[in-house]
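Below is one structure, written out as structure tokens; comments come after it.
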Amino acid sequence: MREGGGIRIEWGQLALVTALAGLALAYLIDARSVSLSTQNLLLLQPTAIIVLILWAVIAYGCIRRGETDEGPSKADWAGRARVLAMVAAFGAFIFSLERIGYDIAMALFVCAGLWIGGERRPLVLVLFPLIFTAAAILGFRALVPYPFPTTLL
Amino acid sequence: MTLRRNAVSRRTLLAAAGGAALAAPATLRAQGAYPERPLTILVPFATGGYNDRYARAIAPFLQKHFGQPVVVQNRPGGSTMLGNMFYLQQPDDGYMVMVHSAGPFIPLSILTRNAQYKADDFWMINLPSRDSTLLACATNKPFNTVEEVIAQLKRDPRSISVGVQPASADLVNLALLMQGHGIDRSRMRIVTYDGGGPARTATMGGHVDVGFVGGEGFLPVKDRIRPLLAFADEKVDGFEETPLITDHAKAAGFADEFVDGSQRGFVVSKKFRDAAPERYRIMAQAIERATKDPECVTTLKGQQLATTWYGPEASNQAYLRSASLMEKYSDLLKQA
Amino acid sequence: MIDLDAAGSAVALLAGSLDAWIWVIPGLLIGLVFGAMPGISVSMAMALVLPATLYMEFLPAIIFLTSVYTGAGFGGSVPAVLMNIPGTSSAVATTFDGYPMARAGKHNEALGLALVASCLGVLGSYIVLFVLVQPLAELVLRIGPFEMAAIAIWGMILLGSLGGKSLSRGLFAAGIGILIGTVGMNTAGYLRGTANIPELLDGVPTIPAMVGLLAASQLFGLVNTHFLVESEEDRQISLRRIIAGGMMTFRHPVTLIRGSMIGALVGAAPGVGSSISNLLSYAEARRASKDRDSFGKGNPEGVIASESANSSSEGGSMATMLALGIPGGGATAILLAAFAMHNVVGGPRFMDQNRDIVYAIILSNFAQAVLLLFVGTGFVFCASAIVRLPLRFLIPCVLVMATMGSFAIEGSIAGPATLFVFAVLGWLMSSAGYPVAAVVVGLLLGRLIETEMLRAWQLAGGDPAEVLNHPAAIGIILLMCLSLGVSAWQERRRRRAKDLIGVG
């Protein structure tokens, strides 16, 4: 975001590419600890090495890039917060499925999702999740050959 | 670690869910009105295979003799390891039984995938179906007998490509045969297939020169392959003409050890048998009656499914023998 | 090659049996509905109706199941187009252009295209099956590790740098995809990258990972949008535009025929066929096109290529099942189980002794393809109503459905957990300018390439010269080099022509 001819680092970009390359490296080390046989590393090792080389290329790009993208505006930040909230809500939903039951987790998540999407009518926020959850739970119970834990339904 | 945590969370959940919907199974357990809920047959394989077909075919008859509805549930993955772990995590209330290729899959998952259970954590009720490893080649290959294959391998181990599943009973049998003939397995061209189906297709299609794979799956395509050797001590159904490993080994002068390709049937956990002997007796009896039901016998025969009743004693003996043989030769399963 | 007597009695068999007909439309509908549910695969839909067929006669039972098969084959394309969710791995390439078309307000056209291309694909592959069932099956059986590896590498090269800001990012994404695809136990029995999680023994669950990467990450990005289709007047559902879209299919006969051929041949290869045939057909259509840059941005040809290939895989895998008794995938395994339930053993002997029944099954599938056109139009018309739903409702609901679908695959929380991890990964990568589709392609093809290359290496005993004994594989590689060379040359000429115009 800094202007001028100085060095500018896109930290987010760099972090992502480094994290992914780090995982690739860890995977390569794990695989090599299992066996050094060609039968184990035939495709894995060359691919991991290519990924690491590409990491260097991309990381270099993150540091050197001189031109400036305009930083996100205020409205953008609000938008980003909403996206993050949705990701977090989805994570919480998945995490709580087996803990509080599929039905309650589902109703809460749909309600939260509606709220994040900008729905503010109380009646809709209460009724829609309940109706949708009931339909989804009963429908999937009929379709899916596996039992899933529910608290109320 | 993950294992144990899962077990706890699942069980607390089941209890929590049961609290509302099923009115506390624990109290009912004390009263012992067994069976009073549907029985689930857990199949640790995907739909369509032998175990699945067997479970679905016998389910209506088991229902008749068990007195409660019987449902089939598939839980494939990790060469039955996921299904086995799931089963051991269930309550020992006698409402779930497995239909499983217990031998060789349970011992194999322990030996090659570091599964945390032991072979004798499982208890066989009846293993009616035995499948044997078959050495076979496509009809357009130049081999007519196992001796020709062996002779050529002895001249040059690289001259014949061999298809087999890694970490399988078939591989143990392959290794024992090569050991017996003094052929260096590490110099052979062994091609690995992750499943009996692909190994069979490769054998049939001539991608490999010969294949070591369970014989039963070959029955529908018998005309397209040439069976060379069966790893069994008595005639194999459908391949009555095929020479047996016992005779072959005797003629060649080495020990005639081999492992059963598959031993399939009803399996429960040892823990359940010990914790609820009365329920176990009722369940085993229902399975015995269903297996012997004449109507069941005709239906299963029609679908090429096995119907013999060997009972728990013989079944466990066969299973444990094969498990210990597998353990004895576990280094043969290891990769070079 | 056609046994006319048997064909005649097959017609009589179908004409004389009402039972053989009444199940077709219910079967198609069940297939469509189940196939359109994210996560519920063709084989699961068939497994669910399998018990019901126990009480039918043999022929109606098989016809019912193949109707479900046909319906579900297309059903998966509906969420692929409307929500970027590939219901099965065989609909991945449909998302590449179908979803951009939908976002641009051309959802009616895209669905019409997909439907007609699917129907023609099914029809085409069954016509091939009718004429050449035995040779087709033999040909498929010949596809060994060398040939399959060559095909998969071809697909990977053509799709490697799919979209994205830069080549390095495209390749990086594809590499990550390949690495993810190789986690678990490989075909030689080596176990790596599982971090002691038993659920990863068989590798990362493909469908939840794919849905997470492609769809869930998209949905996060849409949180600040109000409707799937931005402009109000495009948000209509129009039968006329669906049909117009369908008619568009006929303008690209080459793409259609090429897709059907690839589908019938490669799609029939046991085990992996249908998930690679749509990618390969898409890649070829993209390579052959004069307007390569418009692929991935809503080019109708991309949808045709993918749909014609994934639907014609059905006929191909039926060939190996009927003629050889080999189940190529879950769906045909269930058909074989249904055979067994009726005390029929599928395979060459069944084929020889019951040619009339085999022909009846094939003929009935002709009718199914035609009926799918009508049933499918109605279904698509109803399903596209979701573009009218505000996204604030749609996003949580679709995420819930995707979660339940991921659960349904194996009945464990591993599915939803995978979905979430890959949704976050996909969201991060796409907002950083990496082509997520390349990760998916790598994920799908990585495992295949490793498996087949490894087998080829084992067969050769480590000797590269062994490939000389596999002329078909060499043929594929030569064809690949030739086609890449031709397109590079064309590209250069085009650029030079442009430069000349610029200079002049």
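Note that the chains take the letters A, B and C in the order they are written out, and that residue 1 is the start of every chain.
Note that contacts are C-beta pairs under 8 Å (C-beta built on N, C-alpha and C of every residue); 3 or more make two chains touch, one makes a residue touch a chain.
Because the structure is a prediction, the values reported are computed rather than measured.
Each of B-C and A-B has its own count of C-beta contacts, and the greater count is at B-C. Nearest to the overall CA centre, using the mean of each chain's CA atoms, is chain C.
Look at where the CA atoms of chain A average out and do the same for chain C: the two points lie 25 Å apart. If you average the Cα atoms of chain B and of chain C, the two centres end up 32 Å apart. In whole angstrom, the spacing between the mean C-alpha positions of chain A and chain B is 40.
Residue positions of chain B touching 2 or more other chains: 73-75, 192, 335. Shown for chain A are the residues that touch two or more other chains, namely 35, 37, 39, 98, 145-146.
Of all residues in chain C, those touching 2 or more other chains are 47, 188, 190-191, 410-412, 454, 458, listed in ascending order.
Across the interface of their complex, chain A is touched by residues 9-10, 13-14, 16-17, 20-21, 73-75, 192, 335-336 of chain B.
The residues of chain A lying in touch with chain B in their complex are 35, 37, 39, 98-99, 101, 145-146, 149-152. Across the interface of their complex, chain A is touched by residues 34, 37, 40, 47-48, 166, 168-169, 171-172, 175-176, 178-179, 182-183, 186, 188, 190-193, 195, 216, 219-221, 223-224, 390-393, 395-397, 399-401, 403-404, 407-408, 410-413, 416-417, 419-420, 423-424, 427-429, 432, 446, 449-450, 453-454, 457-458, 462 of chain C. Chain A makes touch with chain C in their complex at residues 12-13, 16-17, 20, 24, 27, 30-31, 34-35, 37-40, 42-44, 47-48, 50-51, 54-55, 57-58, 61, 79, 82-83, 86-87, 90-91, 93-94, 97-98, 102, 106, 109-110, 112-114, 116-119, 128, 132, 136, 140, 143-148.
Note for the complex: chain B touches chain C at residues 1-3, 46-49, 52-53, 56-57, 73-79, 81-82, 85-86, 112-113, 115, 158, 161, 166-167, 189-194, 197-198, 200-202, 204-205, 207-208, 219-221, 223-224, 302-304, 335.
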